[in-house]
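For reference, chains read A, B, C and D in written order, and residue numbers begin at 1 within each chain.
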Amino acid sequence: MSTDQNGTTTRGRDTDRLETFSDGVIAIAITLLVLEVRVPHLEEGEGGAELWEQLGHLWPSYLGYLISFVTIGIMWANHHEIFRHIARTNHYLILSNTLFLLCIGFLPFPTALLAEYLGKEGERVAVVVYSGWFLVTALAYNFLWRYPSHARRLIAPDADTSAVDSITRRFRLGPPSYLLAFVLAWIYPPASLALIALLALLYTLPNAAVE
Amino acid sequence: MSTDQNGTTTRGRDTDRLETFSDGVIAIAITLLVLEVRVPHLEEGEGGAELWEQLGHLWPSYLGYLISFVTIGIMWANHHEIFRHIARTNHYLILSNTLFLLCIGFLPFPTALLAEYLGKEGERVAVVVYSGWFLVTALAYNFLWRYPSHARRLIAPDADTSAVDSITRRFRLGPPSYLLAFVLAWIYPPASLALIALLALLYTLPNAAVE
Amino acid sequence: MSTDQNGTTTRGRDTDRLETFSDGVIAIAITLLVLEVRVPHLEEGEGGAELWEQLGHLWPSYLGYLISFVTIGIMWANHHEIFRHIARTNHYLILSNTLFLLCIGFLPFPTALLAEYLGKEGERVAVVVYSGWFLVTALAYNFLWRYPSHARRLIAPDADTSAVDSITRRFRLGPPSYLLAFVLAWIYPPASLALIALLALLYTLPNAAVE
Amino acid sequence: MSTDQNGTTTRGRDTDRLETFSDGVIAIAITLLVLEVRVPHLEEGEGGAELWEQLGHLWPSYLGYLISFVTIGIMWANHHEIFRHIARTNHYLILSNTLFLLCIGFLPFPTALLAEYLGKEGERVAVVVYSGWFLVTALAYNFLWRYPSHARRLIAPDADTSAVDSITRRFRLGPPSYLLAFVLAWIYPPASLALIALLALLYTLPNAAVE
């Protein structure tokens, strides 16, 4: 894939389409999560009271929707931020972005697994898979940032060095944090989920994004 | 998240991607609504007459699709309008937009609940949840506008003051209107739905958008 | 909704976001069609021969996918063409576009109905609903074009008059054609489907787009 | 469809919307793949061990997701690349792009078929359909590139000749490769899948994209 000389034009078109496509995949993955929240069905003779009760039993679905939505939302925000500093795309950037999207696009499955088994037999398995997939996603995400930022390979010449370094520092925290969540899942699943939720909450503090 | 100095460029890229992503999530949520309209199945020996009848029984699904589609469509139009006045994004704007999208992305669930239980046992519960979720969404939407518009924090310097104030006035009507719909749902569910439909219709009058 | 004076900028942003959102809804509706093609399940002891047979029985699903995909694709192409001539949006354009998207977004349902009942009891009902919904969609589409093009209300001052008139002429053919398909559906359903497929094929001739 | 004289503006808008719409359809098709990975259900009395086992049995779903995601991702990357060289759209380009999207949009179905029947009775049928659909898609893709590139019909005047020729050379490899996969599917299905996976891997080498 030859690189164009005419900086400005190429830059716009190149990263723009990569971002549009990524936005599409992330937006769809985040919105498909709701399909895993299933409308409960009443038996003959049941009424409003039983429906409230059944809606209450869906709490693992709500929790899964909430954690996955916020975490994917944060990943989108970070994707948005790192591409502000990337000047152009090339073959390997497209590949690592595809790998990252493959991880994001699969997230509705572990989320559905979590919604199905939280608070039941199989809870540990579900949380191990859920936190494990976040770990894989965090690794893919780090790779996506390491490749263009290493030696400022694809970084815009006028990008703010301290902003770039700050992203690198923050991204470094993602994999060990999710590794801890993964290990906790084997020992005590609720602690793993609490950590994943906490990592999402941390991001609400400015300049403290994890992932 | 450092703020760039070079106004025009940053502005374009920044809010553009936030809008693209939001458009994606809203477009998907609005289109997923149709998945809740299930094709009826005929029993052995049934024919066209029974199919018409069963298609008729799906009226709660059609009504849910219609009200939710129009209301989400109006929210999109308003999102489109408020972002015409917002000059740049920051950490908190992204957060409050994510919160708003979380509400929009969940709407197919209460809509499916409504489609399932309207005109049956459990109707009140379904309408309470439906109107209640619109109330939550309206609150999240107000927060999304309050944050950037307060003291014109992120508003474009050249934005038309009267247009900005007009949005603020109109947005103020959303939460109390949906609160009324929520209260009505407990007393007489059809009145709640009628109010929600009316709120959508009101928007068809120019300069009278609710939400 | 106040109208901006500064032509160029407003134009870009305004119709751009309306087009992006519409593209999203149309792209999703067109892609959701595949979800109605269900993987057949083999019984115990059945093998490859039975699977081929069952895949063959899915022909109504393939046909429905094909006709709906191509027709929605043509509608997208026309949407793309008419918005090349529209200079700016306003309240009513957004409303009529939302109405049009509501029709497009619902198309997966009549398509699923067609896939389920073609060649079975209930075929007439399914084709009546299918062609009827295309008629409604064609009417909504005409309204979407009539409003901005009437007296060149929202048409770009520099738009090519003959191109604008050509769209108006072609659009005029849509509703009567689909009305004929709708009438045919009551009499002889396969003729109705053949007409709808023919209308799509006609578009492949340049300057002969129907819809 | 008349062609505008004012080069730059028209160019931008024209191919931009075609690309946005295509990105949407491709992004949705790629993300819908996950819906075919179904959460396993435990029977009464089963626990974590059985859930691990059942998650293991889902390997055909994971494999199908992986191969289809990567292949669609590569097709997107190529679509992105060929449209860098295409200066403007016309009626036939839109048609051939719609045909290509029709193929992409249908891919979740053969993928679901593969996931259902891999390693079971009916495996051969599933792999024949899967590889056959990739063959059809590769042919549609070649047509999409042949049309604008033939005699440089719609290619930008300033496009790099060697880059254009390189795409033409690489695209030529797609149909025979997938034809081989299709033939292999009748003889020994696993070899067919291995070839399709290999074709995807080949793309990770720079300047060796297949499709």
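One rule holds in what follows: contacts are C-beta pairs under 8 Å (C-beta built on N, C-alpha and C of every residue); 3 or more make two chains touch, one makes a residue touch a chain.
Since we're looking at a predicted model, the values are computed, not measured.
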{"item": "Type of chain A:chain D copy interface by residue overlap (half), same or different", "value": "different"}
{"item": "Angular offset of chain A relative to chain B [C-alpha, multiple of 5 degrees]", "value": "90"}
{"item": "Separation of mean Cα positions, chain C and chain B [Å, integer]", "value": "24"}
{"item": "Inter-chain centre distance, chain B versus chain D - centres from mean C-alpha coordinates, in Å", "value": "34"}
{"item": "Contacts with two or more other chains, residues of chain D listed in rising order", "value": "20, 24, 27-28, 32, 35"}
{"item": "Residues on chain C engaged by chain B in the complex (per definition of touch)", "value": "1-2, 13-14, 17-18, 20-21, 24-25, 27-29, 32, 35, 91-92, 94-95, 98, 101-102, 105-109, 112-113, 116-117, 121-122, 124-126, 129"}
{"item": "Of all residues in chain B, those that touch chain C in their complex", "value": "19-20, 23-24, 26-28, 30-35, 37, 39, 41-42, 46-48, 51-52, 55, 65-66, 69-70, 73-74, 76-77, 80-81, 84, 160, 162-163, 166, 204, 206-207"}
